[in-house]
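Next up: some structures, all given as structure tokens.
Below are two complexes that have subunit A in common, paired first with subunit B and then with subunit C.
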Partner chain A sequence: MSSVIEVQSLTKRYGDLAAVDDVTFSVGENKIYGLLGRNGAGKTTLMSLLTGQEFATDGRISVFGESPVENADVLQRISFIKESQRYPEDFQARHVFRSAPWFFANWDPDYAERLVDDFRLPLRTRIKKLSRGQLSAIGVIVGLAARAPLTFFDEPYLGLDAVARQTFYDRLLEDYAEHPRTVILSTHLIDEVANLLEHVLVIDRGRIIIDQDADALRGTATAVVGTSKAVDAFVGSREVLQRDGIGGLASVTVAGLTDQDKAAAVAAGLELSPVSLQQLIIRRTSMTEKEEVGA
Partner chain B sequence: MTAVLDTTARPTGAAHRIWSVVRLNTANPWTTITLPWMILGFIFVINWLIWWIINTAAGPEGMVEAVDGLQWSGASMFIFVYMMVVAIQSVNLTFALALGYGATRRDFWLGSALTFALLAVMYTVGLTILSVIEEATGGWGLGGRMFTAIYFGDSGWTGRAFAYLTLLALGFFFGAAIGAVYVRWKSLGVTVFFAVLSLLIVALVAYLTFTQSWPAVGEALVSLGLLGVYAWSYVITVLCAVVGFFILRRATPRS
Partner chain C sequence: MDDSRPIFVQIAEQIENDIISGQLAEETQVPSTNEFAAFYRINPATALKGVSLLVDDGILYKKRGIGMFVAEGARERLVTQRRDEFQADYIRPLVAEAAKLGIGSAQLAEMIRKEENQ
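== the complex of A and B ==
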């Protein structure tokens, strides 16, 4: 697997605040990455650094083998419409779709037109007057139709209604299958995108706390439900991520069960269910918080 | 069917990238071309009506004196300020979009400079033609002066063309520099910029006053002539263009 992005010890400080704090990771070619984290965790800062819009305080970034800063060869292969993207004062959506093809070599105008229909985006309204969802739709359409080898989607779901969210989901998978590319999708709405993702990067307080294959990550924890007694007996000294109980029943999220463990649990009359990516990440994120408070 | 994207390279040449920025700056020609001409047309109509009123009220004898006053028209001055605002907006907002499209700051600055140059030439040609008509028709039949106002010199149409072009270029690049300061250091930066500028001007005035140099300055300006003074403004224009680039080169688009 060749990597499209290599980041080493990357730090971005604003005064005392480290928005990105000594981060190291790499992004493989033609996969869909989720960049997940809470609001203000550092997602947008990290993407701005990767696209040469922000300047690193420290560390090294390589995109397509080179530094992205002021590097036309690298940047023209990237599409990054920010969640908070600003447009010229007088722009309507049609001006965006008129101008984007001048910058993206792979732009597909027919596809863009179909997407505009799918999202029911008004083309002749000033962008300033569009709703949050319509604004997100512009970013989504540019990201899809540009077919840039490295495409960022920044909070694409913000304000989109259920139908539009499904549309984005479907179109991205379809188009990705036909035109594989590297996609980095940032969001705090984890469940919405969970099934799209092949690899998960979770950022919290500027640090990458999870960098894992999505399937492997899902397998790292299991919810075990049963009578308190049976659950306690099974759990023993295993690592417990979360525990809930009502009356004599208990639900416990346990890390790292092997197949044998699972068979044993079922034999003990316990019910096993997978933990959603969202649950898993919430638990991991709150754990780092507790650790920090404790320390 | 799987069409693998050409990820290795389809390097677009610098000329193409810079031209794309020119097109982006004028993707909606309403603001940069249509609206300014419409405003100019409206101002012209208002002025023409005022000239007509003056003519009617003053009568033929009175007009001999009135014509002298009409040359002090500032009616076409708005265009230079407007273009300054166009440049500020471009560096503030179009810049943010250009970077989202994967343009470099360098390509954006060169492309915008080219946009400003082309717009300045277009407006210069238009204004010059109007000024020639104004001359040929004896002030639109009413002794009016809008495009041959005193600020554009008395050296014929070539002199006026030079004056328009110079003032437009100054407006554009001064605006671009202010825009760059704003994007880099936000509104505090702009405030500091103008504070420092004011201090420098006051310091210059103080210096000229205490060294009793005003008569010499006056003489110098007279010997330079209006167009000579305009020519010196290219020092400021070029300074803005160069310094503005280095300011924007380390700037992050506002969000």
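== the complex of A and C ==
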């Protein structure tokens, strides 16, 4: 499989802070990636580096086989929808859509028009006067209708209500099926997007801590609940992602149980429950913090 | 979709259920992976994986340029397979629990008949 992005030992430092810290990964062509992590984990910095809007302190980035920095040939194949996108003073939504074809070779004006209806976006209101959700809708529409071979959505739906978010997911899937392209979706709403993703990258404190197929990741962690004694006996030396307890009861999240392990746990009177992608990521990203505090 | 198992496995099961119930008859075309993806709101690659699983098992087959079809004899094979699973997943724990509670097989049969009549 060919890759669209190759990143090697990439580091971005702001003073003493390494916002992106010695990161290596690649992004395959025509897949939907989730770039997940907590606030300040380095998601936006990483995307800014990949789109040539920030300069790397160290390491190598290759997008479509070349460095993206000041590279028009690469950049015209990228759309980067940012949460904090700013527009010229006095711009209306229709001005944004009218200028979009200058930047995006694949821009589909009819599709954009349908999306405007879907999101009920007023075209002739000054953007300054739009609500936060309507502002987000502009970004989502640009990101979809641009059909850029490499599309970044950075928290694209601040202020969008649940209906509009579902519309975004549905349109994204439909259009992606017809016009395959590489999509990198950065979000906090992990449960909402989990099923859309083919691959998951989790960044925490500037480092990639999970780089895995979404399907492989699903079901990798299990919560084991029972009396502390029985849970401890079962868990033994396994890797524990999280541990909670009340009185004599314990709930422990462990990784990598086989079917035999699960049968053994049930036979020992323990209850097993699956851990969602969101829970798994919360547990993994809070774990590294605890470990450091404890160290 | 539940979180405990890969989605593509659940998609394959869903298609199997439709074949067993007769909703997808043998030799009829099944929806495309893109249609599955849109309906279940999942990534098309995941839907493709689920469909491929059934192609590997010989439940579905591909007609070049047209799409996926339900194979002849698919329903019967699935029913046989599900009966074996039924034995393992339901009957075995049922018998074990019944033994724990001192319920003999005659009494167990009587209890099942009672359920049926409700």
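Everything that follows uses one rule, which is that the second predicted complex is superposed on the first by the 260 of 295 C-alpha atoms of A that agree within 3 Å, B and C clash if a C-alpha of one lies under 4 Å from a C-alpha of the other, contacts with A are read in each partner's own complex, and residues count from 1 in each chain.
Simple rule for what comes next: a contact is a pair of C-beta atoms (placed from the backbone, for glycine too) under 8 Å apart; a residue touches a chain by one contact, two chains touch by 3 or more.
Computed from a predicted structure; not experimentally measured.
Peer 1: Since both structures carry subunit A, what do subunit B and subunit C do when superposed there: clash or fit?
Peer 2: fit
Peer 1: Where does A:Gln76 make contact in the superposed view: on subunit B (first), on subunit C (second), on both, or on neither?
Peer 2: In the superposition, A:Gln76 touches subunit B alone.
Peer 1: Touching A:Leu257, do we find subunit B (first), subunit C (second), both, or neither?
Peer 2: neither
Peer 1: Could you tell me if A:Leu121 is touching subunit B, subunit C, both of them or neither one (first, second, both, neither)?
Peer 2: neither
Peer 1: Now for A:Phe104: first (subunit B), second (subunit C), both, or neither, which partner does it touch?
Peer 2: First partner only, subunit B.
Peer 1: Looking at subunit A, which partner touches more of its residues: subunit C or subunit B?
Peer 2: B
Peer 1: With both complexes overlaid on chain A, does A:Ala18 touch subunit B (first), subunit C (second), both or neither?
Peer 2: Neither: A:Ala18 stays clear of subunit B and subunit C.
Peer 1: Looking at the overlay, does A:Glu174 come into contact with subunit B only (first), subunit C only (second), both, or neither?
Peer 2: second
Peer 1: Could you tell me if A:Phe91 is touching subunit B, subunit C, both of them or neither one (first, second, both, neither)?
Peer 2: A:Phe91 sits against subunit B, while subunit C stays out of touch.
Peer 1: Figure out whether A:Ala164 sits in contact with subunit B (first) or subunit C (second), or with both, or with neither.
Peer 2: After superposition on chain A, A:Ala164 lies in contact with neither partner.
Peer 1: Please state the minimum Cα-Cα separation between subunit B and subunit C in the superposed model, rounded to the nearest whole Å.
Peer 2: Here the least C-alpha separation of subunit B and subunit C stands at 9 Å.
Peer 1: Could you give the residue numbers on subunit A that contact subunit B in one complex and subunit C in the other?
Peer 2: 177-178
Peer 1: Mind pulling up the subunit C residues that touch subunit A in the complex?
Peer 2: My answer: residues 1-8, 34, 37-38, 40-46, 49.
Peer 1: Given the complex with subunit A, which residues does subunit B contribute to the contact?
Peer 2: Checking each residue of subunit B against subunit A gives 1-7, 9-12, 14, 17, 20, 23-24, 27-28, 30-31, 89-90, 93-94, 96-107, 249-250, 252-255.
Peer 1: Residues of subunit A touching subunit C in their complex?
Peer 2: Residues of subunit A touching subunit C: 31-32, 169-170, 173-174, 176-178, 195-198, 214-216, 218-219, 222, 273-277.
Peer 1: Write out the stretch or stretches of subunit A touching subunit B in their complex.
Peer 2: Residues 29, 44, 48, 51-55, 64, 70-73, 75-82, 84-92, 95-96, 98-100, 102-106, 147-149, 177-181.
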